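Structures for review follow.
Consider the two complexes below, in which subunit A is the common component and subunit B and subunit C are the respective partners.
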Partner chain A sequence: MGRVLKKEDYKNFLIKFKNAGELIAPVKTDMLRFQKIEDVEDIKLEGNPFFPLKKFFLPNEEILLKIRNGLTKELKRKKSFFSNEKKKIIFGAKLCDINGLSILDKLFLDHEYPDEAYKYRRENIIVVGVNCLTPPSQHCFCSSMDLKKESYDLLLHERENDYYIDVLSETGKKLVKYLPEENFDYPLPETRKKLDKKNLWPFFADNYWENDSEQCVSCQRCTILCPTCFCFDMFDNINPSTRNGNRKRKIDSCHSKDFTKVAGGHVFRDTRLKQYRHRVLHKVQFFEDKFKRSMCTGCGRCIEHCHSKIDFVKTINEDFK
Partner chain B sequence: MKSIYQAKRYKIKDIQRQSNNNIMLRIKTKINPSPGQFVEVSIPGIGESPISTASYNKKILDLNVQVVGNVTEALAKMRIGQKIHLRGPYGTSYPLEQLKGENLILVAGGCGVAPLRAVIEYLKERRLDYKEIHLFFGFRSPKDILFKEEMKEWKSLYHLNLSVDKAPEENPFNCPVGFVTQILEEADISADNSSILLCGPPVMMDKSITILENKGFSTDKMWISLERHMKCSTGKCGHCMVNGKYLCIDGPVFRYDKVKGIDE
Partner chain C sequence: MSSLQLFKKKEEKKPKVAIHSITGCAGCQLVVYFIRDKLLELLGEIDLVAAPMIKGKNYSGQYDICFVEGMVANKRDFEHLKKWREQSKYLVAWGTCATHGNVPSIKIYKDKNEVENVVYKDKNNLGGGSEPVKPTPIEKHVKVDYSISGCPPEEIEFLRMMQHFLVGMKPTVYNEPVCVECTLREVNCLLDNGKECLGPMIRGGCNALCPAANHSCTGCHGPIEHANISQTLKLLANNGVSKELVKQRLQKYAGLKFEELGAILK
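== the complex of A and B ==
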């Protein structure tokens, strides 16, 4: 069951969000990026933000444990995200980014070892999505990636005269309870580009991996901009004189040279070919084998912003036959 | 909710120097890992390191540490009575319960002997449940032999085949000089009702498996322990992932036919 918002009430609807807490939405600065909103007029919903949604849930660098006098101590977190009971609301995320959260949930939430820091953020950040009417980029291929209508609190779908708001969570329900109800199954956008899903194991030793990886410069943009890349490094940061510091995690990339380095100096995935193949197969094969769902959500960022314009979708579609 | 990365502090009871660059830390703890599992050892401020466990079912946990990196170097400088942080145990173990009534062949090289020491301690308590037990352990030189005291005991209880790659000086164990794979090739072992437990450098394991396959052993009777730098050990960080398998939670011990031919 969803709700209906009149077009003339749209601005007030956003102002309500802004007053309820910290509102974060896409803003055009040097590029389109998620940012704290001062004036709701600044919000730009056309196009997909440069950086994906994941950074609000898995920050680039974060403290896992405190180290005090040579001992590791757990972080004390406030029950609510902000002391003054203000909520953090992210508005304007696209369904590909939101599905990225479902993927992260599988490893950081519904897992044998749930991650406390991630769980805390997931529970305290409200996600309000916006449905794409047309694909924001020619590189989008989400309609072939079976996106699911899940992992958001609210999602806006623009119709001719009004907005339909899909409600998934109890928190979301409370935010829109004053609006009239309606039942509507909103359509997903149709992208021109599509990934031809297939079993890639028979092509593991194929030469086409080499063609693509030869152009790769290991700039790691693909992993930074991916809404589902989560690999991280753990390290200690300490002041030697006080023995105080932190045990931290930092987002890492499988395209980095030292990613598979072991003590003694041996690197297991030592060539770009191996690194590139590992990333692509992790996205469309390894995760699928384990969770019966592709890790790629089809946002197309890794292709659009690739330094060498490597297009793994094209390679899979055209060359692996 | 508790953080999965939080470690507990334990006291070092004893430190035994095993060889030039190997020490064994004996730690008083209630952590009771199965043979083949590993723990994350850490010194706050320096970092964490995954170390395989080398003992079974005792109040004391033995960790054989080879000095190769920052954390292990710092561990080697620790003294008795100092405290280290541990979390775990993590990963899969050798399925010893399942292998009851079989002949066991343990093949290891260098510090790969350490996890198999846990297997041997497990077997010692249940010796009658298993048939013949063959040990094939290879080291670089007589100086590098680990668990020297125990080797004497193992020699009397099991069929111990100890070898060294080279013996430039003295050879107190009088063990044959040559790779452990050569000894394995010449050994009189039968594939009938036998299982293999392997741990060691990748080259040694590859060669041993080829030799054993030629001798008629089937790959579903081999259990190997793979190694990577596990950083989170909870199936997330991705550093130990090989072909979609997280070695920290899906491994480190695999039945060989499940991982045969996996490439990076």
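== the complex of A and C ==
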């Protein structure tokens, strides 16, 4: 069950969000970025923001443990750890990013030991999506990735005369309860580019991996900007007195040479070929084998922002036959 | 591992640290003395036995950790370096001069006499070990345990290394390209926008200071070991950057290292 919003009420609808908490939405400066909104006129919904939605749920760097006078204080859902984190409403996320969240949910929530920090943010950040009418970039290939209508609180779909708002959560319901109800199944955008899904195991030793990885400069932009890449590194940050400090986790990447370094100094995936192949196969093969769902959501950022414009979709479609 | 446990077991015995300098601008040493908020705390944990820049009396016995900045530009430099190596348990090359040769090593790619005539009034009358030799980083002369590059290096890297020594860990040095921190800071990529940024092959740790200020990375930290030099040069060529400019940029901070990694600079 959804709601209907008249076009002339759109601005007031956003101002209501702004009053309810910290409103974050894409803003165009030199690039499209998720930013805190001061004026709702700044919001720009065309195009996909540079950095995916995951940064609000899995920050680039965060503290897990504090050490005070040699005693540790673990990260629990205590107020002190998140006291500076205001209630956020994220507006304007695309369905590919939102599907990224449902994949992260599988990894960080559907488990015996849920991640406290992620769980807290997932419960306290309201996600309001916006459906793409046309694919924002030529690199998009989401229509071949079976995007699901899930993991958001509300989603706006623009129609000729009004907006249809899809409601999924109780929190979302409360925000739009003043609007008239309607039942409508909104269509997903159709992208021109498509990933031809196939079993990639027979191509594991193929030469084409090498052709692609030779162009890789190991800049790690593909993994940092991926809405589902979640790998992190943990390290201790201790003051010179060695009595105080903290333990942090920081975003890491399988394209880093130190990523697979083990005690003794051995590196398992030491070549660019192995690193690149692992990333692509993890996205479209390994995860599928295990969770029956592709980890890639087809946002195309890893292709769009690659220095060498390495296109794994093209390789899989055209070369692996 | 052993070093730190040793320090921790006998708490009264603080690690003896030295900060020494050979040919260079002394800027790397200044970075250490400018760690305002944590320097006093750090000095409580270590014994800074030799630091000629800020101390009158300098201990000349055994050091636990010795930071050396600067590169070998004459015979006297080499003598000093040899002595410090013998004196110290761990020798850390501190700054791009010590790790890669930096600006003085541009001399290698120029006419030797031309450069020397600019620097010395009368180069035949120097004496005292000041006769110039081929400018080379210290790792070409003695065994270096850890290298921290940067012109100047970041103070956080000094603190992190001292932390690791003090806690008894094997020190690790940041080893990712500039692009990583640059992307995390959400900087609009200069290389994608047709500029001459060297980011993909340069070691980061600077938090992408220059690209964030819309200035191309010139590579003051020197290359990372696993840099894909040929592909990065291809990308620069695609951006229409002249071969001459790229060559100058590579020669500026770490010409010798880039040559080792396969770039042709001569």
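Keep in mind that, in the parts below, the second predicted complex is superposed on the first by the 308 of 321 C-alpha atoms of A that agree within 3 Å, B and C clash if a C-alpha of one lies under 4 Å from a C-alpha of the other, contacts with A are read in each partner's own complex, and residues count from 1 in each chain.
Note that a residue touches a chain if its C-beta (ideal position, glycine included) is under 8 Å from a C-beta of that chain, and two chains touch if they have at least 3 such contacts.
Just so you know, these numbers come straight off a predicted model, no measurement behind them.
Peer 1: So in the superposed three-chain picture, is A:264 touching just subunit B, just subunit C, both, or none of them (first/second/both/neither)?
Peer 2: The answer is first: A:264 touches subunit B but not subunit C.
Peer 1: Using the touch definition from the top, say if A:199 reaches subunit B (first), subunit C (second), both or neither.
Peer 2: So A:199 meets neither subunit B nor subunit C here.
Peer 1: One more residue to check, A:108. First (subunit B), second (subunit C), both or neither?
Peer 2: Only subunit B is touched by A:108; subunit C is not.
Peer 1: So, A:60: does it touch subunit B (first), subunit C (second), both, or neither?
Peer 2: In the superposition, A:60 contacts subunit C only.
Peer 1: Of the partners subunit B and subunit C, which touch A:225 in the superposed model: first, second, both, neither?
Peer 2: A:225: touches subunit C, not subunit B.
Peer 1: Give the label of whichever partner, subunit B or subunit C, reaches more residues of subunit A.
Peer 2: On the superposition, B touches more of the residues of subunit A.
Peer 1: For A:240, is the partner it touches subunit B (first), subunit C (second), both, or none of the two (neither)?
Peer 2: After superposition on chain A, A:240 lies in contact with both partners, subunit B and subunit C.
Peer 1: Once the shared chain is lined up, is A:31 touching subunit B (first), subunit C (second), both, or neither of them?
Peer 2: The answer is second: A:31 touches subunit C but not subunit B.
Peer 1: Give me the intersection of subunit A's contacts with subunit B and its contacts with subunit C, in residue numbers.
Peer 2: In subunit A, residues 236, 238, 240 are touched by subunit B and also by subunit C.
Peer 1: Okay, in this complex, where on subunit B does subunit A touch?
Peer 2: These residues of subunit B touch subunit A: 1-7, 9, 42, 44-49, 68-69, 72, 85, 227-229, 231-232, 234-239, 241-244, 249, 263-264.
Peer 1: Report the residues of subunit A in contact with subunit C in the complex, numbered from low to high.
Peer 2: Touching subunit C: residues 30-31, 33, 50-51, 60, 214-221, 224-225, 236-242, 251, 253, 256-258, 272, 305, 307-308 of subunit A.
Peer 1: In the complex formed with subunit B, which residues of subunit A make contact?
Peer 2: The contact residues of subunit A facing subunit B are 64-65, 67, 70-72, 74-75, 107-108, 111-117, 119-120, 204-205, 230-236, 238, 240, 243, 245, 247, 249, 252, 254, 259-264, 268-269, 274, 278, 281-282, 285-287, 289-290.
Peer 1: Under the stated contact criterion, what part of subunit C meets subunit A in this complex?
Peer 2: Contacts found on subunit C: 38, 41-42, 44-46, 159, 162-163, 166-167, 175-177, 179-180, 183-184, 186, 188-189, 191-192, 199-201, 225-228, 231-232, 235.
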